[in-house]
Structures are given as C-alpha cells and as structure tokens.
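Both complexes below contain chain A, partnered by chain B and then by chain C.
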Partner chain A sequence: MSQFNNAFTLFLSLLVEAMPFLLLGVLLSSVLLLFIDEQQLITKLPKNPLLGALVGSMIGFLFPVCECGNVPVARRLLMQGVPTPVAIGFLLAAPTVNPIVIWATWTAFRDQPEIVVLRILLSLVIATIVGWVFSVQKDLKPLLQPAIAKSWEYNFVPKQELKKATPTSPLLQSGTFLLNQPGQMVRMDATVLQASLAATAPNKPLSDRLRLLVDNTIQELRELGAVLVFGSAIAAFIQVAVPREVILSLGYGPVTSIIAMMILAAVVSICSTVDSFFALSFSATFTSGSLLAFLIFGPMIDLKAIGLMLSIFKPKAIIYLFALAAQLTFLFTLFINLQII
Partner chain B sequence: MSVSRKFLQPLDRVALTLMLVLSVLIGLLLLQGDGVAPQVRDFSWDGKAIGAEDTAFILNFSRPMDTKSVEENLQIDPPLPGKISWAGRRMAYTLLTPAPYGNSYQFNLHSAKDRLSVAENSPKVMQPFSSRFRTRDRAFVYLGVEEDEQGRLVLYNLSQQQKTILTPRDLVVVDFKPYPDGQKVLFSATERTNSQDLLSSQLYTVTTGINSDSGTQMTQGFLGLRLPFDATANPEPPGKINLILDNKEYQNLKFDLSADGQKIVVQRVNQQNPGEFGLWLLQENKKPQQLNSQPGGDFVITPDSASVAVAQGEGVGILPLQTDAEKPLDFLPEYGMVLNFSRDGAQATMVKFNSDYTRSLFLVTSQGEPQELLRTTGSIKSCQFDPLRQNLYCLLTQLLEKEEYEEQPYLVAIDLKTGNQKPLVILPDQRDVQMSLAPDGLAVLFDQVVAATDAVNPAADVPRTSDGEAIATSRLWLLPLLSPASSPQPTQMQPEQLPLPGFHPRWLP
Partner chain C sequence: MIGSKSKRKQAKLSPNQSKTRAWLFTWLDVLAIGAWGILMLRYWLTGKLNLLIHPDYFWLVISGGIGLIIIAASKAWELLRRRRNSGTATQHVTLFPPGISSSLLLVTAIIGMTFTPRVFASQTALDRGVTDSLGATRAQPQAFRSARNPEERSLLDWVRTLNVYPEPDAYTGQSAKVQGFVIHPPELPPEYILISRFVITCCAADAYPVGLPVKLSSSRQAYPPDTWLEIEGTMMTDTLAGKRQLTIQATSLTQIAEPENPYEY
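Coming up: the complex of A and B.
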C-alpha cells in the first residue's frame, strides 16, 4: 500500500510540476499559430542545416519553456513548416538553453561555474549535431505521426517543389503566393484545418484571433495534457519499481557514475528548471562529469515526455533522437571525467 | 515501395553511421583510462593576511575526496589546531583559537586520494598542493604625550617594531576607534590653534597603511579564475586624513563605530540650543540624520550594527539604527549601562547600580538567565570578551579603606563558565585607565597616566584624561597572556613596559 502511496505522490508531483509549463508551451504554440506569420519566420531562419540547428537550439532564449512545454512548441514549428534541424535543435536544447534554467543552474552551482558553462555549451553542441543529422532526411513523412505529417506536407512540400521549379526567384517564397492556391484546401482534416486557419489569420480581426487562440490552447492542452498524465503515471510507476538507490548503486567511478546519473535523469523526469538543485545534492559523491550528464541528458529525455514526443514522431525517430543524444552526452562527459576534471 | 528502401531512409544511414562512430570513440576513450588526478581547486586563505575574524578556511577539491587521507596529510606550519568538517567536495577547517598575529604560515597537502579511486582499490594520489598565508601584523594605536607626538595618534606595529605618527600636528585627538579591517581609524579631534573649546571636536578618518588583502575578502572571478585586479592589493599610504563630520552647528560629544564599519553614531548638541541633544546616525554617502530618541548617556552599537544600546534614565534602551523608527526596540530597566558585547552578539556585559551603592557586573546572554559575575564597592570600568568567549577581561577598581576616598584599579580575568575571578595585575592609583585586549586574545595593553600636579594652568593643547586633568606623561604596558586554548585558566605573567610614552592604547583588529 505504501508503494502505491509513493507512486501516487510521485505521479501528482510530476504532474503539478509539469502542467504549468505545458500550459505555457501550449499558449506559445497557439500564439505562434495565430500571431506569427510563419512564412516570414521561415524565410528568416537560416537554410544551412548546421546553422539552422544552432539557431533552433537557441530559440529557447525567446521561449523559456522546460521539457514539457517545448514539445507543443516544437510540434507547432514542424507543422508550420520550419526546417527540421531548427525544430529538432529547439526540441533538444530549449529546456536547457533558456534564461530561467541558466539562472537556476548558476544559483545551484555557483562554486563550480564550469558546470553551468559546460551544461549550456554541450547542450547546444549535442542539439546542433542531432538536428544536423535529422536534416539529411528531406522527406519527414516516415518519421512523423500521420496527423503532423499531413500538416507538414501541406506547409512544406509545396514550397520545396515550387522552389525546385523556379529556384532563382526569391519572390516565390513570400506568403501570399501559397495562400492563393485554392487546390490545397481539399483535405478536411482537423490539423490541416488548423493550419489553414492560421494561414488566413492575419486577415482576421483581433477578437476572432483571440477566440481562436483560446480554442486552440484548450484543444492542445486536452490532447497533450492527457498524454502528460499518462507519461507521469508511467514515470511514477517506474520510480517505485526501480528505486533510486538501485540506480545510484551502479557506482561512483568515472564511467559508472555517468551511466547511473543518465539513467536517473531519464527515470526521475524532473523539470529542467529545478533539476540543478536536485543534482546539487549528488555533488558530494558523484563526479562532475556525471552531474553534467544528468543536467544535459535529463532535459533532452525523460519518461513523462516520451508520451508527448510520441504525439509528434514515430518511435523510430525518437529512438534515434535519444540514442544519439545519449551517446553524445556520454562521450562528452566521459571525456571530461577521464581527461579534464 | 520496397522494404529495403523503407528501412534505409537517408536518416537511417546517417544516424546509424554516427552511432557507430560514437561507439568507437567511446570505446577508445574508455581504453585510455582515467588520466586525471584530483587537485585542490581553491584555498580560501591563499596568500591572504588573516585576522581574528577569519575563523575558518575552505578547501575546494576537484573531485569527491577520501576524507581520511586528506585529514591525515594536511599540514600547517607552524601548527594551527582546528576542526575539520566536510560538505561535498569542500572541506572547512575551523580554528580552535584565533591564529596568533604577526605569523606566516605554510600550508601543505600531499598524498591525499580521491574517494573513487580508493573505492576501486587503485588509489590515485592528488597533485601536491602548497600555499602560504599570514596573519596580520600585531599593531596598536595610542595617543602620544611627549613633545612632537603630543595629542597625536600614533601607530605602533609590534611585529615590525615600527612607529608611525598618523595625524598631523595641528590636530589634538580626543578619542578614536579603529575600523573593523584596521585600514582606517575613526577619530575625533580639536584644532590645536583653537585654544578655548575642548568640545569643538570634529570627526575624521585616517588611513593606517596596514592590513590590506584580508582573508575575508574573497576575490574569485568567473570560472574560478582569480581576477587580475584586486581592489585591496594596494594599501593606501598611512596618514591620509578625511573629515567626516564638522562642528559648525553641533558639538560632537561622543561617538561609536559599528562592527561592520558602515555606521557611526554620534552624540551631538546644538551650538545655539543646548536643549537639542541627541544621537545622530552617519552613514557613507548620506547626510547625518538625527535618531528619534530620549536623551541618554553612554552608548554602544550592537555587534549586528543594527541598533544601539543607550543608558537612559534608570535603564538601558535599545534603539534601532533607523531614522524613521518611532519606538525603542527594547528597554532593560534593571541595568544601568552596557559595557560590551561579544563579537557574535550572543553575550553582553552590563552593569547594574545597586541601591546599597555597590555595582554588579552581569553577563546577559541571548538565551538563559542573566548571571551576576561580581559585585563591588569600586567601579567597573570596562570588560572585553576573549575571542573564544571563555574568559572575560575586566578593568575594575576596588575601594581602599582609607580616610581619603581612593580607588585602586586592577585587571581581572573572569572565567565565564565557573565565574571564578583571577586578578592579573594591580595598577597604581589613577582615575583614567584604559585597557585593550588583543584580537587574538594573547595580550592586554593598558596605560598608566601621570597627571600634571602643578597648579599652573597647563596649555590648552595638552592632552587630557576623560576627567579633564592635564596629562604630564603616560606609559604603556603590555601584559602577555597565554593562549586561551592551551590553558583554560589565564596564567599570570609579568606586565612589560613599552618604551612608548602614550595613553589610551587600542589594538588594531
């Protein structure tokens, strides 16, 4: 019975911690949908995949969301036709590379400033590399969930094809050209409808747009909130089934400590805004590299966010995302542990 | 669409290749093994001149350490006994007694091992670490009495046997208080040409030129790098005078300096309207402000620098050091005077004037009952806590049973635990005697004033005692005490006369 109580407490705490950030993310996503002209946004983003991924990693400075809030925003970015490396870079780095988290980390690790700097730097590097890897895939359909794929296709593919047809004319990238394509409106799909709503949004009066903002926020919150509840339940269950002590007993060595802290990061699903204080409690016994691994890998992946991620990507894409992020984190922090500190 | 094509999207190829490459890199890194030894990242007293307020240093390690190997291999030469405590990778070493002043210390740590390697039975020895720090010079300030030094503030650096006259000839110093870092001294003085008015003193500060780079100021830059520019690196030359408070509208009677050196409380009276009498608060970069209070007598600023204890009528009022405060924080009707607070503010000594014309010395603590330490028919001049708060050093007088009223001053050490009194030295008869306990608790300074006996009016610029008697000459005495830790009972030593004619000696912190 006490196990059940523990699980329930953990479940509630995860949910209470994550829900405000999810709400913030959903609100930002709705604002992006209705108030930002995506075509202008896209033309301003760099076309170079590596540069795009780096820029995407730094969007977190504009949208300070943690790992629960970044999923709806990343989803919206993808649906609006933002290049893949930008969206992936954002998805992985935004929970770390944002002012709130940087400040929190600085507060916790004031006497180990290198942890703060390396956390930001390595998160940027890893997100950029993974974003760049995903840029090789021009056709995202096999990776995305069907609903997102359709929206992505609507926004993205025609432009690509048109670009191929007349690659020299920059005028073709302007938004009005696409809006005048009536043939695109045949599919009566909810997501596509949403996207088309967005496309026509600039013409609507403000009151209408605000109503749409509320509608869309509620709809997304219902959809993703349910996923979050489910994800939190799984995370709580695993934490009770596999207690922290078991994970921590993996070892304190330069190599084993990293593995232990990475698994711990994935399992505890702690929000990136507060995880540095959690990590601080381990600084007495664990190596700097393993603390960094916790702080870098935790925001990129955690159990409760996997459900949210599954609302965007097919499992294969998520496996690639996490495998690459995990390997890169392990490599960098291992190097730090064995060769530097 | 064939199966193979579906499985080999461009992403699959790139991602799988990269995963393979990363696996190989990780493998290579693992093969190389652990190549770093633990090291000391930061030593908080590195190169510093520490004082009695620096009670502990902190060692910061790059890795979690095997605490036993660190504790066993830590060396300070000459030894400074202390207690070790750990918080993560940080080790704090708290001194049992303040480090004696005027010493230089060598700190060494080698053969310490980190915790991981010890746990894995392949102990890795840390890079040897060594550093130096020193304690501040033993120095005190006094008022000169003879010839050129008359009425001037004199600094004597005992460690370097060096004497410096701080204030110029045209100022006759009345009273002074060193700032907490010892770099400046606050003093009140009258102008020598102003032959009439002994009360027309103004407040000044003067630099001492010593005690720079104290241990409390940690200058550590981002990323743990030491900043190249250290603001305290260049001590100001001694003798730089700065006027703090003039006497244009008000006479300045008494003053006290707060423990943090930020606040000065001055008792002032309006030149035109003697009824306007009260305490004023001076803060840096602010105009002097009058405190809302009842008129009072002697006052002492509390060690937290937030309030001031004033003798008011038949008790002691505690006033907040805020100009907008309406009411006193507290009123202690049972005591007549606050003598002194311990450095942490947890204890205070107070005097109670009993109805049978005796005086009682009370120890008042933040917790628990006040304790009567002694009752005397003489007077209680001053008391100072030793740095460990084990002993209280008091300057008392006893009433001699003679026909003429005569008091004999003596120095006594009172054990705060047992209440035992141990007289240290009996002083020749004199009214105005002052003592000062060294910040490390290893010596007491006191003066022996010889008042001018000739009936002829002495010159106005002659230094005077607090009773207004002109001082003919005065001698300074140093009474060494054994370290309070090495012998809980202060041992009697012979006072030693210093070849410095002067009075009102006060140690620099």
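Coming up: the complex of A and C.
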C-alpha cells in the first residue's frame, strides 16, 4: 500500500511538474501554427541534409521548451512537411539547446562551466548527426504514425491541389476529408487541415485565429496530456519497483557510470528544464562524462518522451532514434571520461 | 470528390446524434483540462504542492494551472454561446472518436483530487539508501556556514557541512539539535536509530534521503519508524557497520508533529 502511495505521489509530482511545460509547448506550437507563416519558414530551411539538421537543432533557440513541449512542435513541423533532418535535429536538440535550459544548467553547474558548454555542444553534434543519418530515408512515411504520414505526404504534394479542392467552407470540408480514411486518428487530421487552412488564409480575422488557437491547444493538450499520463505512470512504477540503489550501484567506472546515468536518465524522465539540478546531486560520486551523458541523453530519449514520440513515430523509428542517440552519447561521453577529447 | 466522400460519411450519423456527440466530447475536453487546472491550483492552495515539487517551481505550476483554466473557460464560454446561437457548430468535430484521451486526463485529475500525496517514509528511505554524504554537488552557500552555531544546523546543514569536511572527529563535542523522522536500519545495533529527512531538488521524483545515526540510551523500540523527533545531543564518532561515522549522542528526544513542509532543500 505504501509502495502504491509512493508511486502515486511520484506519478503526480512528475505530472504536476511537466504539465506547465506541456502547456507552454502546446501553446507555442499553436502560435507557431497560426501566427507564423510556416511555409515561409520551411522554404527558407536549407536543402542540404547536414546543414538542415544543424539548423533544425538550433530552432530550439526560438522555442524554449523542454522535451514534453518539443514533441508537439516537432509534430507540427513534420505535418507541415519540413525536411526530415530538420525535424529530427529539432526533436533531439531543442530540449537542450534553448535559452531556458542553458540558463538552468548554468545555474546548477556554475563551478563546472565545461559541463554547460559540452552539454550544448554535444547535443548539437549528436542531433545533427542523427538528423543527417535520417536524411538517407527520403520517404518518411514508413516511420511515421499513419495520420502524421498522411499529412507529411499531403504537404509534400504541390499546394495547387489543395486550392483546387477547397470549396467555400474549407474548414468544414477539409475536416471531413481525412475522416474517410478508416482507422486513422481523425482529430489530428482535422488539425492538419486547420494548419493548411491557416497557412492558405493568413488574413483571417484575429478572433478566428484565436479560436483556432484555443481549439488546437485543447486538441494537443488532450492527446499529449494523455500520453504524458501514461509515461509518468510507467516512470513512477519503475522508480518504485526498482530501487534506485540498484541503478546507482551499477558502477562508478568510466564505462559503467555512463551506462548507469543513461539508464537513470531514461527511467527518471525528468524535464530538461530541471534535470541539471537533478544531475547536480550526483556530481560528487559520478564521473563528469556520466553526468554529461545524463544531461545529453535524458532530454533526447526517456520513458516519458517515448510515450510522447509515439504520437509521431512508429516504434521502429523510435528504436532507431534511441539506438543512434544512445550510442553517440555513450561514445562522446566515454571520450570525455577517458580524456580523449 | 472530397465533398461527396464527406457526405457519405456523414450519412451514417443523424445530424442530431453527431452534434450531440461532438458537443459532449468537447465538454469532456473542457472538463478534463479545467480539472487539471483546478487540481494544480488546489495543491497549491491546500499547501500540498510542497509534497510534490520544489518551492522554486511553484510559480510554474500556479501559472500553468491558471493557463489551463483560462483555456478550458474560453472554450466553455464559446460552447455556451454557440449553443445559444445553435447550429453553427463546426461539423468537423462531430466525428471525434470516443473521448478516451480526455477521459484518461479527467480520471487522473479526479483521482489526484481525492488522493493526498504522501510524504515518503522510512521504508522508501531504506529502499533508496540513506546517506550522510551529498557530494559537493549541492554546494549551496549553507555548506560553508561553518561559523554558524552547531545547534542551529538542520539535518541537511550537518550533512552539507560533513561533506565539506568529512572527518567526524572534527565535530566531537559540538551540540546538535535536529528534526527528522526515525528509520530503523537493520545494520545498526538496536540502540541506534537514523534521524532522517528527504531532500528534493526539483520534484518528488528526485527526492533522496539524508540522515545521521543517533545513539540512544535505551532500545529504539520506544521510537518506531516514521515518528518525527526533535533530537538534542552532542556529536561523537562511532564505528557503525564497519565505518567511522558522525553520530549524535542523544540527550533529549521530543516527539513532534510532522512538519508542514517535510522536505529540506
């Protein structure tokens, strides 16, 4: 019973802490949808995969959200048809490479500025590499959830088709259009079309835009909120079921400490905005490389984020992302522990 | 083409049915989001928020709660207005699949409202491993207030001080007055307890226990686990479980109520 109580307290504390960030992310994502001409932004993104991945990794600077907030934005970007490396770069780097997180990390590790610098640098490098690797897959559809895949493809189709097909009441018509695909996530399709609507009708009155903003916020809050509930429940369960001692006792060596901290990062699912404070509590007992591994890997992949990412990607894609990010993080931080770089 | 497809689809539901369903599901969204806003503010207003997160992040939760309520309220207002005007409801919402997501959110919020978060207790501390070391990690300014009167140090202050200068003999004879809850670690002899507190950095998910052993004059059975005590005594060095440790030789033990804010920061 007390275990259950603890798990529930953990669960609620994760949720209560993550909910404001989720709200912030969803709001920003909705504002991005309605008040920024994404088509413009997308046309300005570099076509070169490597450069695109790098630019994508730095878009986080415009959207100071943590990993619960960046998923809706990444999803939105993908739905708008941004090139893959950009979206992947953003997804992996945005939770770390943004002003709020940098500030928080700096606050925590003032005594070790190298941790702050290396965290940002390595996150950028890893996100860029993974984004670049993903650029090999030109057709993203097999990796995306069906609804996202549809809109991704849809946005790759020249815009004229949409205009031709858009009758007098585009909202109504377009909303029903995608509902015809059996077994699809209908609401997201509605969002896509709202997005297209917003993009094709930039001069809509402000009141309409605000209404769409609220609708979109509610839609994403509902979807991502439910996934967050799920992820937090799993994280809480594992934290209670597996004594933290077991995870920590995995070792203090250059290799084992990194592995232990990466597992901890994935299990604890702590928000990137606050994870540096969490990592701080290990800075005496753990190697710098392992702390970095925690700070770099945690925001990219953790149990909670996997839950959220499932709203974009099929499990296969998440396994690729997970494996690539984990290996790169491990290699780089091992180099640091062994003082190779 | 698109138009005809949509007509076919819509024919499956009578307009009234689908309108009512959409209306219900939208209200479910409003309720779920509103409930979360209320839950977050409620934790704050009832003082339970400090069981869940660090006070530094209260403002985030409070503004998040207010934000959620504003969103729910604006949608509710729109729905009410729309209902009065009737018939203008956008039909693209009429075919929402059953509101599983909103139900999940709503149910979680309701359970959250009925459930009182619990302070972690001695068993959790034992599971997580109580320690008298922090690492230079939490090198907060307090850690260096060695000039502070020893009896004014809280348990965490002691642990922080010990971290800066770990030799237990350095503190021998200093008087101590600390508050915390009782743990009966199996590895300590029966006349020893561990006086402990949980420290949180951000939220309950990262709560970790710190503690110091206390030497009693009698068996620890008089002080069952999880009892909150204020302990006065003097510092000494003891060898416990094969390790030299800073120990409080208790002179007085007073049972106290669980503090409103059981964590230390």
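As a working rule, the second predicted complex is superposed on the first by the 302 of 341 C-alpha atoms of A that agree within 3 Å, B and C clash if a C-alpha of one lies under 4 Å from a C-alpha of the other, contacts with A are read in each partner's own complex, and residues count from 1 in each chain.
Everything that follows uses one rule, which is that contacts are C-beta pairs under 8 Å (C-beta built on N, C-alpha and C of every residue); 3 or more make two chains touch, one makes a residue touch a chain.
Note that this is a predicted model, so its numbers are computed, not measured.
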Chain B versus chain C as contact partner of A:Phe335, first or second or both or neither: first
In the superposition, chain B vs chain C on chain A residues touched: C
Touched partner set for A:Val55, first chain B, second chain C, both or neither: neither
Which of chain B and chain C A:Leu324 touches, first, second, both or neither: first
Chain B versus chain C as contact partner of A:Leu15, first or second or both or neither: second
Touched partner set for A:Leu295, first chain B, second chain C, both or neither: neither
Partner chain in contact with A:Asp111 - chain B first, chain C second, else both or neither: both
Shared contact residues on chain A - chain B and chain C: 111, 283-285
Footprint of chain B on chain A - complex, ascending: 111, 113-114, 117, 129, 133-134, 136-139, 142-143, 252-255, 257, 283-288, 317, 320, 323-324, 327-328, 330-331, 334-335, 337-341
Of chain B, residues touching chain A in the complex: 6, 9-11, 13-15, 18-19, 22-23, 25-26, 29-30, 32-36, 42, 60, 62-64, 86-90, 115-116, 119-120, 222-224
Chain A partner contacts - residues on chain C that touch it in the complex: 1-3, 5-6, 8-10, 29-30, 32-33, 36, 39-40, 43, 49, 51-53, 57, 60-61, 63-65, 67-68, 71, 74-75, 78, 90-93, 95-97, 99-102, 104-105, 108, 112, 115, 117-118, 120-121, 123-124, 127-129, 133-139, 163, 201-206, 208
Residues of chain A that touch chain C when the two form their complex: 2, 5-6, 8-10, 12-17, 19-21, 23-24, 27, 111, 165, 167, 171-177, 179-180, 185-187, 190, 193, 211, 214-215, 217-219, 221-223, 225-226, 229-230, 235-236, 239, 243-245, 248, 268-271, 274-275, 277-278, 280-285
